[in-house]
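These are the structures in question, set out in turn.
Each of the next two complexes has subunit A plus one more chain, namely subunit B in the first and subunit C in the second.
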Partner chain A sequence: MSFLSSLMNALPGAAAQGLAWGIMAIGVYITFRILDVADLTVDGSLATGGAVCVMLIRGGVNPWLALLCAMLAGMLAGLVTGLFHTRCGIPAILAGILTQLALYSINLRIMDSKANQALSVDKYPLLLSQRYVRELSLNNPLPLLLIFTAAVIAALYWFFGTEKGSSLRATGANPNMARAQGINTNSNIVLGLMLSNGLVALSGALLAQYQGSSDINMGRGAIVIGLAAVIIGEVIFGKVFANFGLKLFAVSIGAIIYYIVLQVVLQLGLNTNDLKLITALIVAVFLAIPYWKSKMFRHTAQAKKGGSKNA
Partner chain B sequence: MLELKELYKTFNPGTINAKTALGGLSLTLRDGDFVTVIGGNGAGKSTMLNATAGTFFVDSGKVAIDGTDVTNLPEHKRAAFIGRVFQDPMMGTAPSMQIEENLALAARRGQKRGLAWGVTKAEKERYRKLLGDLGLGLESRLTTKVSTLSGGQRQALTLLMATLKRPKLLLLDEHTAALDPKTAAKVMELTDRIVREGQLTTLMITHNMRDAIQYGNRLIMLHEGRIILDITGEEKEQLTVPDLLEQFTKASGDEFANDRAILS
Partner chain C sequence: MNTKRIISLAASLALVLSLSVGLTGCGDKTAQDDNQGEPAADSVKYTVGVCQLVQHDALDAATQGFIDALNEALPGQVEIVTKNASGDSANCSTIVNGFVSDNVDLIMANATPALTAAAAATKDIPILGTSITAYGVALDIDDFNGTVGGNISGTSDLADLEAQADMITEWFPEAKKVGLLFCSAEPNSLYQVEEVAKYLSAKGIESQQFAFTDTNDVASVTQSAADYADVIYAPTDNTAASNTEAIANVLVPAGVPVIAGEEGICKGCGVATLSISYYDLGATTGKMAAKILTGEADISEMPIEFTDATPKYNASMCETLGITPLDGYTAIED
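Right, the complex of A and B next:
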C-alpha cells in the first residue's frame, strides 16, 4: 500500500518531467525519423537551452523572452552541426558529437564557469516550478507544459504540411528523389537540425525552470531518452496512430511513460546510478527488434523458396 | 535544346581504379528529339545522363540546356529544366509519403517552396484525372503511401511526376529494365504516349535493342565514353537488330555479342 501511495505521489512529477522531455523527444523525432539523421548535438543543446534560460532570468530578463532566446541558441547549435555536415562533409553523427563537445565549453561560459546555476522560484517570476506540481492551483506546471506540448505539435503539424515542410520530409525519405525534384537537400538538412535543436533547447529551458537550476550535465544521455520516448510511442501507438500530429503526440506520451516507468523501478528500490545503463539497454533492444525481425523473415522466406524447389 | 560539348569525366582519378567514363563526348539535341541510347556495360550511358542532370560535375566540357549554361549548376537547380526516371523503381519516389504528396512535390519542381499548404484541393482533382489516364487504378488511392505500390506502378508514377511540370528535357535511365516484360512493355507504351503528347525532348537509355529501334527519332550508341554511332530519321526506321550489332562491331572493333544487349 505504501508503495502504491508513494507511486501516486510521484506520478504528477513524472508526468511533468515526461511532458518537458517530450518536447525534446519531438525534436529528436524530427531528425531521427523525418530527416533520417542521428543527431547527437542534443546532449549539448539541451544544457545550452537550460543555461541560456537560467542566466537570462537571473539577469532580470522576462522568462518568456528567456525561453525564446534559449530556443534561438539551440537553433544556432543545430546550424553549426548542419554546416559541419553539409558544408564540411563531416558524417552527421560525428558533426553532432563535435558540436556537443564544443557546447560543453560554451555552456560553461554561459553559466559563468560554474557547473551549476540555481534559479529559485522565490526570487524570480518563473513560469513553472516543481514545487507546485502536486498543488491544485494556477501555479501547477502541468497545464502550462500541456499547452506547450500542444502548441509545438500543432505548429509542426502545420509546418510539415506546407510545401517547405513536405520538401523536408522528402529529403529524409529519399534524397535522390528530392534533388531530382529541385529540392536543396543540404539546406533542408540544416533547417531540420535547427528546428530540432531549437525544440530541444526549449525543453532544456522549461526543465531548468521546472527544477530551479541549470546543470552542465543535464543533457547527458538526452539523445537516448529522446529515442526511448520515440520508440515507446511507436511500439504502443504505431498501429493506431497514422496521422502525423498523433504520431508526435505518441512521442510525448512515450516520454511520460518513460518517466513513470522510471518512478516505478525507483520505488522498487533500484539504484539511481544504474538508470542510464538500463535505459541504454532498453533502447538497444528496441532498436534491434526491427533488424532481428527482418533477419528472421528472410530466413523463413529462404526456407520456403528452398522447400518449393525440392518439392 | 540540349548541348553537351567535349565532356570528360574520370572516376577515381590517379588511383588503380581510375575509370574514364566520358572521353570527350559531344551531343546536341534539337527541340522535340526523342533519342534512344544504347551501348555495352560501362560505355558511359548513365554517366552521360548523370552529367547532364548534375549528379556530379564533369572534369571539363560544357552542358547547356535551352541555351542556358548549367555546367556549374548543382543538381537541384538543374532540376528546374529536367524530369528524370531512374532504373531503380525505389529511386524516383518518396516511399513513406502519399501518392498525392509525391505528385505535389513534383508539381513544384524548380519553384520556390514556401509556407503555402503542400497539396491543394484543385491539385488533387487534377492528379485524380491524370492517374486515371494511366489506367493503373491509382486514381482512387491518392492518399496511399507509395511504398505499397508495385515496381511498375512506381515507374508509371515517377514518369507522371517527371512530366507533371513540362520539363525542357526528359532523362530516362533504363527505366523499364527492372520490370517484368509485360509491365515493361506497358510502361514503355506509356512513355511513348507522354513523350509524343508533350513533344518532349527526351534521352532514353535502354538495353532493349528492339525498343531502341522502335521508339524515338534518333538512336545513338556509346562506347568508351564517346558516341560511335548516330542514326536519325529514315535510316533509323530501316534499322534492324542484326544491323545494329554489325554496325557496333564495325565502329568499335569490339565484340558486342557478349553483352546482355543481344539477349533482348
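Right, the complex of A and C next:
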C-alpha cells in the first residue's frame, strides 16, 4: 500500500485525537498566553477528567452528565492550584507541580485504587470512540469533537468579552495596572486557573472515551502537547488570525497538526524508541521558528535600509 | 510582507519534514535489525502490527518471542511492524490508528493500555494481547469465562496466585505477617496482591498493602513494609522489577525475605518465585497469530492461553539470609 493512501486513511484518527487534545490546548492557552502563568496542574487534571468520566459512566451515569462532572472536578483542581498560589504565596509553577503531585493519589482514589479502568464502547453508551472514526455515520467522533471545539471557543469568546473576562485579560497583560484599576488580580488568577483546568479535564474525559480507558499516566507530558499546540497554532496562523476566537481556533488546529506530524513520522517507519526525541524536536522547532523569523526580518529590513541609502 | 511570510512558512515546513525524514532514515535500520528474518518483499502475504506499551525487559522478550514464533510458523510470509509507545498511553491510540489505516492483518497488543487502545480502535482486525494479567479486568468483561470472543484473544502472564500464596507458607511456615509490596500505577499489581491476600487470610495469615507511586519512594515504602512484615510478597510489577536493588538495599539489612511473582524481581531481591518466561508467552501468542492468519483458527473461539510456571530460587540471596532452598526449586542462572 502506498504511503500516501495509508496516510490519508490515518488522517481521521489523527484529526480526532488532535481535536480532543485541542480543547486541552485551549485550556493551556488561557493560562500560558492570557493569564501569563505557566500552569503544570494540567498533567494531573487531564487524568482527573478521564478518571471521573470513566468511573461515572461505569457507574451508570449519563455520559453528558459525566462530562460535566469531569469538568467540575478539573475546575476544583484549578481552584486548589489557584489558592496555593494566591493565598499561600507559592510561586505559580510550584503550586501547579504540587497539585499535579497530589492529583496522582486523588486520581487513584477516584479510579478505585486501580491504575487503569477500561470503558468498552460495546458496553456503555459512549459519546465517541476511536472505533467509528473512519465510518460515515452519526457515531463518528469527528462532528461531535468539532461541535465541542466550536462551543468551547464560542463560550470563551463571549466570556472574554464580558467585564469579568476583560479584567482577567488585564490581569495577565499588566497586573500592576489592573490592580490600579481596582481589579482583584488574585481572584482573577484563581478563576483563570479553574477555567483552564476545567477545559483540560473535559478534554481528558473525551480522550478517555475515545481510547476506551482511563489511565493513571494518561496526563504525563500533557503540558508539552498543550504548549506545542499553542505555539504551532501561533507560528502558522499568528499573522492571519487577529480575532480572539480565531486565535483559539488556531490552537485547536495546532493540536491537529501536532498529531498529524506525529502520525506521519510514525507512518514513515520511525523506530519508536526515538518517539520522545521526535516530540521534543517538533516542539523545539516550532518554538524556535518565531525567533528565527524575527531575526530574518531584522536582517532583511536592515538590508533594505542599506539598499535605499545606496540608491 | 506577504511573500516573506510565505517564504518563512515554507522554510519552517521544509525544516520539519527534513527533520522527520532524516530521523526516520536512522530509525529504519534499527527497526529492520529488530525484525529478525525480514522477509523478501515479494513473498509477503500478511502484515502484522505490534504495539508495545513501553521499553521493558519482559515486554521486549514477549515481542521477540512473538516475532520468532511467527517467523518460524510462516517463514518469509509475514511483515512485522513493531511500534513502542514509550510509556505513553495516548501514543498507543496513535500507533493503533496507523495500523488500522494500513489495514494490517493482525494487531498484537503488548500490555494492558495497548490492548484497550486496540480494542477501542477496531472490531474487525484480529487483536492478540500478551503480557496481560487479567483480560476480564483489562477489557471490563463481567463473568469472564476464559474466551473474550469477537476479534480479541491472546495470552496471559498471570501465574497461579494460589500457588504463590502456598509458596509463602511453604518457605516460611513461621510467618504471621506478610507485606504486599507493589506499585500503585500498575493496573495488574493490585489485582494480584488482593488475590494473594485472600488466599493468605484463608490460611489465617495477616497481610497489609504497601504501594509506592514511582521509583522515588520505593525505598521509604519498602522500609515501612520491612518494619511491619515477616515476609514480603512482590507481584509481577514493572516498577518493582526496575528497582530491585533499592528494595534489596532495605530488606537485606532488615533480614526480611521476598517471595516474588516473577523471575526478574526474584533475581534482584527475592528468595523464590514461580516464574513464567515472557519469551515463551510471546512465542505462544505468535503461534496463535499464525493459526489466525492462515485461517486455521477463528479468533472469536480461541480461549486465553497461559504458559507453565517453573519454581525457581535465588541462590545468593538464600545464602545471604541463611535460608535453605526447598526441594523442587531450581537456581536462577545469572
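Note that the second predicted complex is superposed on the first by the 279 of 311 C-alpha atoms of A that agree within 3 Å, B and C clash if a C-alpha of one lies under 4 Å from a C-alpha of the other, contacts with A are read in each partner's own complex, and residues count from 1 in each chain.
Following the convention adopted for this analysis, contacts are C-beta pairs under 8 Å (C-beta built on N, C-alpha and C of every residue); 3 or more make two chains touch, one makes a residue touch a chain.
Remember, predicted model here, so these are calculated numbers, not experimental data.
In the superposition on chain A, no contact is made by A:155 with either subunit B or subunit C.
Between subunit B and subunit C, C touches the greater number of residues of subunit A. Shared-chain residue A:184: touches subunit B; no touch with subunit C.
When the two complexes are overlaid on their common chain A, residue A:176 makes contact with subunit B while staying clear of subunit C. In the superposed model, A:287 makes contact with neither subunit B nor subunit C. When the two complexes are overlaid on their common chain A, residue A:130 makes contact with subunit C while staying clear of subunit B. Touch criterion met: A:165 reaches subunit B, while subunit C stays clear of it. Across the two superposed structures, the residue set of subunit A contacted by subunit B and also by subunit C is empty.
Within the complex formed with subunit B, the residues of subunit A that make contact are 159, 161-167, 169-170, 173-174, 176-185.
Residue ranges of subunit B in contact with subunit A, taken from their complex: 53, 74-77, 79-80, 82, 84, 86, 90-97, 101, 104-106, 108-111, 113-119, 161. The part of subunit C that touches subunit A in the complex is made up of residues 4-5, 8-9, 12, 15-16, 19-21, 23-24, 26-28, 30-31, 34, 55, 81-98, 100-103, 112-113, 116-117, 119-123, 137-141, 150, 184-187, 189-191, 213. On subunit A, the positions that touch subunit C within their shared complex are 1, 6-7, 9-11, 13-14, 17, 58, 104-105, 108, 113-123, 129-131, 133-134, 207, 210-213, 215-218, 220-221, 235-236, 239, 259, 261-278, 281-282, 285-286, 289, 292-293, 296-297, 300.
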